[in-house]
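I've put the structures underneath this note.
The same subunit A turns up in both complexes below, where it pairs with subunit B and then with subunit C.
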Partner chain A sequence: MSWPVRVVSTELRKIIAYRSDFWVNFLGQTLIQLFIARALWQSIFESNGQTEIGGFTLGQMTLYYLLAPLTMKILMGENIGFLSREIYDGGLNRYLVWPLPPLGYKLLTYLTYSGFYLLQLALLYTLGRLALDARPYELSEFLRLLAGVGYVFIAAIGYFCLMCLCEMVAFWADNTWTLGVMLRFVAAFLGGAFLPLSFFPEAARNIIEYLPFAAFISGPVNLILGRSTPAEALQSFAVMLAWLPVLGLAVKALWKKGNLQYTGVGM
Partner chain B sequence: MGMIEVSGLSKTFKVSTKEPGLLGSIRGLVNRKYVTKAALQNVSLKVQQGEMVGLIGANGAGKTTLVKILAGIIHPTEGKVSVLGFNPWDRNDQLRRQMALIMGQKAQLWYDLPALDSYMLLKEIYQIPEALYRQQIEFLSDVLQIKDQLKVQVRKLSLGERMKVELMGALLHRPNVVYLDEPTIGLDLMAQKAVRKFLKEYQREFRPIILLTSHYMEDIKELCPRVVLIKSGGLIYDGALTTIQKQFGERKKLILTLEEKLTTLPDFPAELGQLEMSENKLSLTTSRAQLNGAMDLLLKRYQPQDVTIQDPPIEEVIEDFLQKGQQ
Partner chain C sequence: MRYLRLYLHFLRFSFSRAMEFRLDFFFKIIMDCMFYVVNLGFYKILFLTTPMLAGWSEDQTMVFVSSYLLVDALHMTVFASNMWWLPYYVNRGDLDSYLIRPVSTLFFISLRDFAANSFVNLLIALTIFVSALANLQTPYTTGQLLFYLGCILNGWLLHYVLQMIFIIPVFWTQSGKGFNDFFFSMGMAIERPDLVYRGVLRWVLTLILPFALIVSFPARLFFGPATPNLFLHLVAVTLGMWGLMLWLWRKGLRAYSSASS
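Coming up: the complex of A and B.
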């Protein structure tokens, strides 16, 4: 077994190490979010007396708010703040003495968590779709789900790079926890987690579509829900792909510079 | 033959400072002041394969900085380092596969998993062949007497057990260079002894280079025939531990065992040393130069049953040495 496979296996064992935490994380949290979103939008639909808002029926809106936080969870991967915390307290030392690329190891652990949440998304979405939407479940929907899942997985690499860039500021500024929180907020807002991007003014949408954020949530969610055409989905995916080498090179450069500053304190 | 070579190594850190109190903190938000701290200054040393060297110095002397540079964790400001022929901060995988770093205050294994789970990952990271892996697990768990604890979550182990599983994890790949930073810190006496015994056995069996920093002189005395003393970032002594005691142990302790118990401390010239009494014993701490004169004076007054001359404990000699910064 190679080390990447073993890393994935170790991380999965960590995820399922605590039974109650696992089930709360897997089901409890999502069900609560779903319940709140459903109750909120139901009252909005009822007070407006409308059957559709912004092109969403109540069932579709509920599904959107099931998918958006789950997608955000995939992007979050392992806990936010992991790298800056390790730079701050010297925990990074462990990875620097191992004969493997430290950021490669970090990416793998991150993607293991993301992969686990992807499974969660696919399962809960399928259950939610069957429960909330009366239309018959078709093969094309299943294929869209698969494509969406692949989309999120690639987008997660982009988010990892952005997160690394924020976290690596800790090489110079020690404690940068707030930067990570800001990134999470910006990614959630511009990605469409709080409100679908179709609710944004057109001028804002025109800018956002060239930023990587739309690909984090809105792009894959709309693809899964069948709210974007294949051409639209492909375009937002292409934007994400174009950003990946830029972000990757920026991470590499900052890592190299940051390492010269690293003091390994706390050891 | 593999070895470590360090020449003209220096490292400076830029550290922020702030005045105490709330006002100081507010000022620090706008105008932060920095000082440059020399953690290492022109350090040179050579360590041969199979040597076990103790790094000694007060807190902040630069021992850990030296270890971190040798392990390739931090970059030096100046100087050259070669570890087994590699520059450590190039982070060459070939070197990292032959190296181990154990930090007494930092866990390397995953808390939520049993040690064996972490070892399986380390096996892949270090590309340890299956046969060697099994052999090492068998040997290390046997010597460390930790076999029963390998399937228990690391966080549920006692401090001593945790240190043992950490040691085991770090040595699984049978490294040729081992950096040990305070391996016995916080352990009880039994656990300290067990770790020392293990390190001795490991050293005898595999002959790696071991660099050890510890504040427990027992660790150094038992394990390191050679010591390197560091003061304020500079190397002030590099040689045998016994030589320090012989050459720089300026004080001697003279103990007279008398027939009768003493009730009052006799008058004694203070310039000849410090006299103490306990039961029927008189002990005098004096300088090497004044020992004969002081002994003559005491032997004129008493007819002791027994006379002993002791060197001061090594801890005291090193403390004196570090305080004086003798070259």
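Coming up: the complex of A and C.
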């Protein structure tokens, strides 16, 4: 068995090792957040006496709030601390004897989590779509879902780079989890995980759509929901692709600089 | 008095520890400021689409939002760091050293670490709260304001109790991650007016997992009409949750198996 397959299989076993954690997370977190978001929007729809706000019906809004947090979860992969902990306690030393590239190994473990959550997204979205939208399920929707899943998976690589940039500050600072949390706040807000970007003022939207966050979250969500035209989806995808090499090069440069600082002993 | 003296020692140690890691200290302040900006921004944008939210105008909603920012800042300052470490103490058996001390273990593990950086954020949250109150169009008396502040403090303690209830299962599950993540995602329930919840969800969020009582009930009592039933509900559920937490804590300690947890 090649090392990437071994790494993926080990990580998958770790994910499902704590079963109570897994189910509480999967059902509790996803469903409770969805119910709360739906309750808020239901109240807004009723108090305004409208059936459509910002181009969303209540059913579509519910699907949006099912997809957006799940997309965020996929992007966040292994979550905060996946690299900074090892920098902090000297755990990076193991890569001196392991025949693996450290960042390649980290990317693979990160994407294993992302891939696992992607399955949750595909399953929950299909169930949600059938329950919340009366229209018949068409082949084009399935194809959009497949395209969206692929899009999110590539976006996860971009978000991994952003997370790495935060985590690698640990080469210089003692405690960097706060940077990961800040990134999460900014990404969720500017990416449209809290509110669809169509509700933002136009001037803000014109800037936000060129930042990576919107391309990472709103782009795939709108693609899956069929809310973006092919041209809009392609533009969003292009923005994401444009950011990937920039982020990748930044990670490479910081890794190189950080390694010169690394002492190999726990701080 | 002994506990007060002990707490003053905790404060002194916490401030000197915070000053040792200055960069971390500032990162945490910026992080909490971002949390405030995102929350205020969320409601500002929401009010571009609707004039009222669950019967509240924008100025009333901003008082509600600033109140939960205040509760969050209080929680982050006094309890949050301690709550973060408790699952690790249980999992690694480090709780032993707290159990043998001649003070209440619950007091010690809940209050030992005072977050000095969050104290700065508490001042920022307080400023946002005062500014929201200054812009409030609804008239209120000093007595009503003091009553509201009392209810907010009750909400802060209820927040602590609820987090403890979510952490204590670590005595049986060995990992606190799932429940902890669940607690943080429930945070969204605190950040919405309770009148948006209906049916089973309302029943859950006001009785079983009463996150909606932390700030939304106090805000409704403040904006009026303040019905005795609403206040009794708040008090009864808070006392019930305190009782449940203490009962679970004692059960958890009995299930604690030290280093082999």
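FYI, the second predicted complex is superposed on the first by the 265 of 267 C-alpha atoms of A that agree within 3 Å, B and C clash if a C-alpha of one lies under 4 Å from a C-alpha of the other, contacts with A are read in each partner's own complex, and residues count from 1 in each chain.
What we mean here is this: a residue touches a chain if its C-beta (ideal position, glycine included) is under 8 Å from a C-beta of that chain, and two chains touch if they have at least 3 such contacts.
Note that the coordinates shown come from a computational prediction; the quantities given were computed from them, not determined experimentally.
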So, does A:W3 touch the first partner subunit B, the second partner subunit C, both, or neither?
first
Report for A:T109: first if it touches subunit B alone, second if subunit C alone, otherwise both or neither.
neither
Quick check for you: in the superposed arrangement, does A:Y262 touch first (subunit B), second (subunit C), both or neither?
first
Taking the superposition on A as described, I'd like to know which of subunit B and subunit C A:N48 touches: first, second, both or neither.
second
Per-residue contact with subunit A, leading partner among subunit C and subunit B:
C
What is the contact status of A:P99 with respect to subunit B (first) and subunit C (second): first, second, both, or neither?
first
When the two structures are overlaid on chain A, which partner does A:F189 contact: first (subunit B), second (subunit C), both, or neither?
second
Using the superposition on chain A described above, determine whether A:Q33 touches subunit B (first), subunit C (second), both, or neither.
second
Go through subunit A and flag every residue that touches subunit B in one model and subunit C in the other.
18
Taking the touch rule as given, give the residues of subunit A at its contact with subunit B in the complex, in rising order.
1-3, 5-7, 10, 13-14, 17-18, 90-91, 93-94, 96-100, 259-260, 262-264, 266-267
Subunit C contact footprint on subunit A (complex, rising order):
18, 20-25, 28-29, 32-33, 35-37, 39-40, 42-44, 47-48, 53-54, 173-176, 178-179, 181-182, 185-186, 188-189, 194-195, 199-201
In the complex, go through subunit B and note every residue touching subunit A.
13, 64, 68, 71-75, 91, 93-94, 96-97, 99-101, 103, 105-106, 108, 110, 112-113, 117-118, 120-121, 123-127, 153, 181
Listed in rising order, the residues of subunit C that touch subunit A in the complex are 21, 23-24, 27-28, 30-31, 34-35, 38, 41-42, 45-46, 48-50, 52-55, 173-175, 177-179, 181-182, 185-186, 188-189, 192, 195-198, 201
